[in-house]
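Going in written order, the chains are labelled A, B, C and D, and every chain counts its residues from 1.
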């Protein structure tokens, strides 16, 4: 295993300390339990937006803590959901008196730990609502299974709901808005290589020299199928087709296109893929009105990419464009 | 070779098209010869700042085109300096009537091609000055060799000189400022893995499972030596020690610390390394006043990192903090 | 054999040792159908449990189980943290203030733990989860206790049934947890959570047998 | 043999074929002591040169050399683009408006090319660059021309000397270009630029010999 770390047992804490040093203007880090908190938290009379999940997906979520997005992020161990203590601490550190929205990606561990935390917070008198994101079309949606995973749509939801909260939207409004985003966002990813979890020390999965895994999860969970590595056009179609099957889009529909690197795929390839995706959408008459291109939801050093499409309307565009100032997303401020 | 591309022969052009689609508010792309131009160029009565170099280092340089930084970037083939035609086109597309500063990384190819371009531009009546960056302490500085390579310091120089130009500084002032930055900036990098150039299809170099290359160049040029992969503390010392040997810093010195990923190293590791570097500098009494942490000067998917230190003074801090709006760096605007 | 707080604490320490020794096995079981962390998660949690018990053993068996529960909840994360945490918490409540555990109380504690896991996670028998080890274990424990077995006997019956239950997950298609994303491709693999449940019960049974002998 | 614009253009096309066939070799020479692109760069450039000649052959040998120069400058990039570009440009100027090239003119053109490369790149003999192939080639060409050789003979002498000069770069420590970053570690490798210079001269010589025969 080749990694720039001191110890697999302390990698998350070491990274958090580095992060705190890197962004003193934006955030503070509490160590035990570990929480990344917006520098000016708690913001009085603002709905607090709290998210979290396993580490190893940076900049998700800590890189989105700041003005116009998250009030706190709870980093679990690598690829492991945070504990209820972390979430409860985040809630109490950011409570502005008008309630807290918990943003949870739909994984059994995340759901259960946030659920416990919500019970603790409610007992402390904070009004807490929870929204669970499941935007990964690689997983068949069903009541009898764990349901769809939360992936790239998380970033868009956090940005949009964060903007609304910053403007003073109520907890109910934030919650409704989150569900509106959920209804309109779909993602799918693929991997060219595995990642190596520090505490494991070996690649999570093995792929042949000419294979890629389509429908990969952000923790290296196997996807829908393995296919030969083809062109960028092929790769983009493998992602776009199932998204559009699940959420048909056509002539005149307005979208935000989020072309995400899972970490190891360099920007030059990501721009190639983004160009292909824009072209394929344009061919269907879909209007790409906003874009996000970069490594925002990563799986350590995994090479691969994901596409996320969010169906836009005027309100969503305005909230997307609203000022944001975080380590990973910053504009208008 | 596992890459999300359509064709090694068109990868740069395909990426440029994707980039143009991704950032319509910031930049435009000219295709033949290839130039990335600031959306509002030419900006009248502003010194134009033009840079460029081989592709494969994204976001360098195209990601720094925009308000407060570059007016144009000339992307060569992967790891190959651009041609004089590209640079000449960039100069003429961005000429605001008060001269152009060419920012060139010190590689024989870059220097020669920009030199030819400068001759062409001068013949066209544009006043052109050239600054050549050599900040890589891995290479012994000597008049009898090609001299030090330009690496991470490039980003800091482009930001600072770009800010001055945006405020209306004259060509002379921009040039002087660039030399002042050059005097005060040093870098060094290491690689854990090789990168694979698309038109080659195989890794540029081979490293043993437990080896890293210290003093690596940004095109995968071999470095000073190979050493066993150790801890993050070891890695950071391998970079920091030679920098501080070349540019001694101590009690009370103010610096900008730039912790850069060469592409494949994920943010979680980069933050670990950044924390280590801040700690080691603090132990010497050096005051880290500004930071930049992320993949800004990459070598395709190479895993590795570099450190850059810039000695700050009040003017440099102010110019660093000045508003910038580009694909890769954005604040204050 | 007595089964006071010290005995329960020792059994938990023994279980922590087993988790440590099987860390890599549990990680590797979690690799093909999960995210390669189950052994790391439980290892971290039980190390913290041992540290908590080192700091002081509560004054009742129920108190020990509660410390285990709360420590697992606050250190494991993932799916296993809340599930095992809830299981131990319900077991602690079932045991109440009893100063020693007898066979019937142990069986009741196991039943409460299972109910807690099901309440929290919503898995049914055959979903390829810890429940597939725990449910048969509880049934076996209850019938052993009903048949007059002692604590060691109850735990042995539970451990034997859990081992068989864990093995039964191999052909199953997962319907809960991370493995469910694989659909049909989850078949052919032992469920890591079922395996860890069976390991824990075996550790308790072995410890009880050792103390009894 | 005549050496009019068509002959020069054909020689250049032949050289382009050689560059294409040796692309991977030149890339691989550039890998251990450079950045693995020399063959790709020259390949791209000479493909563009062929396209330019396909679009129309200029009306003099010097005109052909000028097209080669400008096309290489605007399509190759890297160190090789300006260096070879300058070389061909100076050769074009040395040839002037001549309608046919004779042995003396060819030797003079080679000398001018070398001077241009040195003026642009500042390399001296022994710095492990194209100059180590070109300089002996020019000397050999001049003495062959002085001794009464024809164009084919001059080019053969140049190509032979260039091949030897290229080989001589193997033990050298690079002092110019990218390989210089390696210091001592650059020794033991053939310089890619010296190799490509020798390949180009061999291609011209072979073509001249073929036309002559």
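In this section, a contact is a pair of C-beta atoms (placed from the backbone, for glycine too) under 8 Å apart; a residue touches a chain by one contact, two chains touch by 3 or more.
Worth saying up front: this structure is predicted, and the values here are computed from it rather than measured.
**Q** Chain by chain, through touching neighbours only, how many steps does the shortest route from chain C to chain D take?
**A** Graph distance in the chain contact network comes out at 3.
**Q** Just curious, how far off is chain D from chain A if you go by their C-alpha centres, in Å?
**A** Going by mean C-alpha positions, chain A sits 55 Å from chain D.
**Q** Nearest whole angstrom, what separates the Cα centre of chain B from the Cα centre of chain D?
**A** So the centroids are 32 Å from each other.
**Q** Can you list every residue of chain B that touches 2 or more other chains, as numbers and ranges?
**A** 78 - these are the residues of chain B that touch more than one other chain.
**Q** Residues touching two or more other chains, restricted to chain D: which are they?
**A** Residues: none.
**Q** By the document's touch definition, which label belongs to this structure's chain graph: line, ring, star, complete, or other?
**A** Its topology is that of a line.
**Q** Under the stated contact criterion, what part of chain C meets chain A in this complex?
**A** 27, 31-37, 40-41, 44, 73-83, 120-121, 174-178, 180-183, 185
**Q** Can you list the residues on chain B that touch chain D in the complex?
**A** Going by the criterion above, the answer is residues 33, 54, 76-85, 107-109, 112-113, 115-116, 138-140, 144-146, 149, 197, 199-200, 204-205, 217, 219-222.
**Q** Can you check the complex and tell me which residues of chain B touch chain A?
**A** 2-7, 11-12, 14-19, 21-23, 55-56, 58-59, 63, 78, 192-193, 209-210, 212, 229, 231-233, 235, 259, 263-276, 278, 288, 291, 293, 295, 298, 300-301, 303, 305, 325, 330-333
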